[in-house]
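The structures considered in this document are given below.
In what follows, chain A forms one complex with chain B and a second complex with chain C.
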Partner chain A sequence: MSGRPLSLGETIAWGLAGLILFLGIWTTLSISGLVPRQFLPTPLGVITRFVQLLTTPFAGATLPQHLASSFQRYLSGMMLAALVGVPLGLLMGWFRLLDDILSPIFEGLRFIAPIAWVPFAALWFGTGIGGPVMIIFAGAFPPCLINAYRGARFVDPRLIEASQMLGTGHLRTILEVLLPASIPSIVAGLRVAAGLGWQSLVGAELIVAAAGVGFMMVQAQANVSTPTVMTGMIAIGIAGMLIDVLLRYGEALILRRRGLVV
Partner chain B sequence: MGSIRFDSVNKVFGGVKALDDINLEIAEKEFVAIVGPSGCGKTTCLRIVAGFETPTSGIVSVNGKRVTAPGPDRAVVFQQFVLFPWKTVRQNIDLGLRNKNFAGDERERLIRSVLDLMNLESYADAFPHQLSGGMQQRVAIARAYVLDPEVLLMDEPFGALDAQTRVLMQEELVRLSRVNPRTVLFITHSVEEAVYLADRVAIMTRRPGRIKEVLDIKTVRNEERWNRFQRIEDVMDLDSFIHLRTHVWKSLREEKREDRQ
Partner chain C sequence: MSGHRRIWAGWATLAGLVLFWFGLTTWTGIVSAGRFPSPAAFWLSLVQIMTRGYAGGQLVTHAWHSLELVAMGFLVAIATGVPLGLWIGWSRRAEAAINPVFLIIRPIPPLAWIPLAILWLGLGDAAKIMVIWFAAFVPSVINTFSGVRTIERPVIEAAQMLGTPLWRFVIEILSPAAAPMIFTGMRLSLQAAWTTLVAAELVGALVGVGVVLNVAQQDIYPGMILVGMLTVGVLGFATTWLLSRVEHRVLAWNVAAKD
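The block that comes next holds the complex of A and B.
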């Protein structure tokens, strides 16, 4: 990066300046009438709506209830992606034949955006828990698999030789050599997966009929309640940031315990 | 149990001949060191016995059985230790025993005795990154020794250690091989180390890697009773040691001169 390093105070100050500038332009645009109020609500309008929705139900639930419902879906999808993706990635990284069989299929599938699965997710798994979970899974699965696979493939070959000369079998090699050696890569993959999974949420909730932040936004769109849509966006943004901060912290913790970062 | 045999072994890496017609027999409980300039293929010899590489032609066998894959009957001590960083010292040593399906109390007994043998008792629950290089290599040797392997393959095991630690480890290895002799194939580029440790020293030439000469050390060692000394410097002062060392040096130097032409 170019430019001198800034102190923490300066960094925060510049960050706030950027935020104020952004809110300023937004307020100007919506108050001046350059953009019709209905298309672009004012920041104050959005904040008011946000606070309102914390307690007042919209589309059958308050914002925290919608969020809780989303989280449930999200965690199910993430868990499934990690539980399938990580072991499969490790297995593909160890057994060449499995890699040869599955890689072409996976390489093709992973470029399909999660939202493209919406029709089939609804058809195959319904609009209850199954369909939405599958869409979040579609977003979160590839990084889980890819990072576990890369972690396993790029394990120091000397560690594998050491394991072989000690007579270690396949299962034990995967569990006690490949898995621990791949932890940094897997954790990084889970973080990316968490982000992509959360981003797939709105798509997933397009087909939900009960509750969820995405569902709330879709309902608000139908009612042309732009402040509500905006509230949903902000809620998703903040929750996503919190998830990332939490995982970053977890990642640092794991790396420190391994003696990789002091 | 524990003989190694190279039968006209050739190895070609990407069109370049790395090993040329290697023939060598190592008897049971014999300690053979291979010395040679870097890149002469001495490590390749060891890696073939370990089962990490396959010869392009020829056969390597251990106990008359052709080597096809790595296995715990041929324990390897690597130059860079290669301990599992996420396992404690005890767990590193335990892995090979668990692979052999030994019972828990039997494993505990074996681990304790090898920790004792290598002076590692108080480090059983430490992780490798908490130990010095010398300590880590002790753990690697313990991990190999505990399996009671028929042959021990040591690939420049002291190459990554500082000079003082290196000497201590060499003395320790001599002590160890008196307590519990094994068939050892030892790779090094240190002439002193080879002459001090080995029963026989094989001198290798470079490009293509060939065994130029195999020198008997054991006879001289026994005649001159090197074993009466505990310290390496006392042995290195003996005329008989200097004579052998100089012989190896000359042999290697001739090799380098040929190389230059």
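The block that comes next holds the complex of A and C.
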């Protein structure tokens, strides 16, 4: 691009300058009273609140407890999405009839935002655990299904021909040919699903839940406690990032073990 | 798979689905009316909201209001995200300065901004536009940025050698070269915009599709919930289709866009 790449020192210097400018504007707006302190606490104020919430309960639980209950729902929703989505995707990739029947349905459902399932989720499964789990499922299911399906559809035809020539049955073909060959695609899908599922969880907890980080934020909003809302945002951001890093690491590990990446 | 077979299968599935729906609700009653509406109940809800209105307005009013907010937030996001993407794609210093701030803000899902937006701007339209802007901004910056980075050096060097002024360079070289990626970003932005709007309206709003869903949920009115969900789907589909038409028109010169 314009000129040579920056040296490491320059990158750090510019990065620091950007950060200082960002935090400087924020602090100035808050301290000067240009934006009322109540609505825009200083960065330090937010950090103080974050540390405070680690031990002091808000909306019935401390921050770690809220996070724990969010994670519990998140894991249930993700497991469900993977356990239903991946096998169904593989089956659709193998049985043409199933593909013909189900593809148009999913094609149509794609346009309905996962969060729009909230009313039915609440009606069918309540607002405790079941409702939010269904929303996470609605967000995380499509990438699980689509990636398993694509993986199965684009398996090297020679592998399938070879296994058919040897008289392999349907079940064994799916389990021993399609599944192993689609692993990279499935793992990539799971990572996308993890991100979307986390998003959906936040949405679900904002609307229907009685615990969790999203619930804490809504309560804080009702009490006009801006530092608590911002603490929730930071906690959600960090947790989402950790999930992504973990899955990236797992993905790299699996790909390396299968000799796909040197 | 041939296109004909696909279309045929689509209609067959739709017919099968409708029969299945009748079968489970109206004919056998396996699924109770309190859980999922029968086709007749759905139709009555649709007629009700189209003529007499529901949750403070007719369907057209709600749909139009949501559409307006998405369009506005989306346009603001494109108008701010694309220039920023072009800038940090072009200038390594700008990239170095903005990257750390971006890295802090990016992991926060757009939906997590909703409480803050309501705290700052209330339950009105401004808060919705703010969260939609946040949701659509990030994909448009990132994709524009990658688009600029795909431009080949010789093109840039040739332009510089010929002494092209900066504004012509941005309009005639940078933007067209990055256009395919910019559109990819727009498609992702549009999806994010709808998800965020529906969530924001479910949390709190006065008019909009999300309000229909919310009131229907409180009234335990499955027919109207289904109407609301289908409206969300139709609006999402229509805007995606519109964007793809624009993309084909704008990128007519680009073979890759004609897949």
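Keep this in mind: the second predicted complex is superposed on the first by the 238 of 262 C-alpha atoms of A that agree within 3 Å, B and C clash if a C-alpha of one lies under 4 Å from a C-alpha of the other, contacts with A are read in each partner's own complex, and residues count from 1 in each chain.
Following the convention adopted for this analysis, a residue touches a chain if its C-beta (ideal position, glycine included) is under 8 Å from a C-beta of that chain, and two chains touch if they have at least 3 such contacts.
Values in this document were obtained by computation on a predicted structure and should not be read as measured data.
Shared-chain residue A:Ala148: touches no atom of chain B or chain C. Once the two complexes are overlaid on the shared chain, A:Leu247 sits clear of chain B and of chain C alike.
Touch criterion not met for A:Ala82: it reaches neither chain B nor chain C.
Of the two partner chains placed around the shared chain by superposition, chain C is the only one that A:Gly237 touches, whereas chain B remains out of contact. When both complexes are overlaid on chain A, the residue A:Ala59 reaches neither chain B nor chain C. When the shared chain is aligned, chain C comes close enough to touch A:Val218, but chain B does not. A count of residues in chain A touched by chain B and by chain C gives the higher number to C.
Here chain A touches chain B in the complex through residues 156, 158-159, 161-169, 172, 176-177, 180-181, 183, 258-259, going by the rule given at the top. Touching chain C in their complex are the following residues of chain A: 1-3, 5-6, 10-11, 13-19, 21-22, 39, 100-105, 107-109, 111-120, 122-124, 198-199, 202-203, 206-207, 214, 217-218, 220-221, 224, 226, 229-230, 232-234, 236-238, 240-241, 244.
Residues of chain C touching chain A in their complex: 5-6, 9-10, 12-14, 16-17, 35-36, 89-93, 96-101, 104, 107-116, 118-120, 148-149, 156, 191, 194-195, 198-199, 202-203, 213-214, 216-217, 220, 222, 225, 228-230, 232-234, 236-237, 240.
For chain B in complex with chain A, the residues that touch the partner chain are 50-52, 69-72, 74-76, 78, 80, 82-87, 95-96, 98-100, 127, 129, 143, 147.
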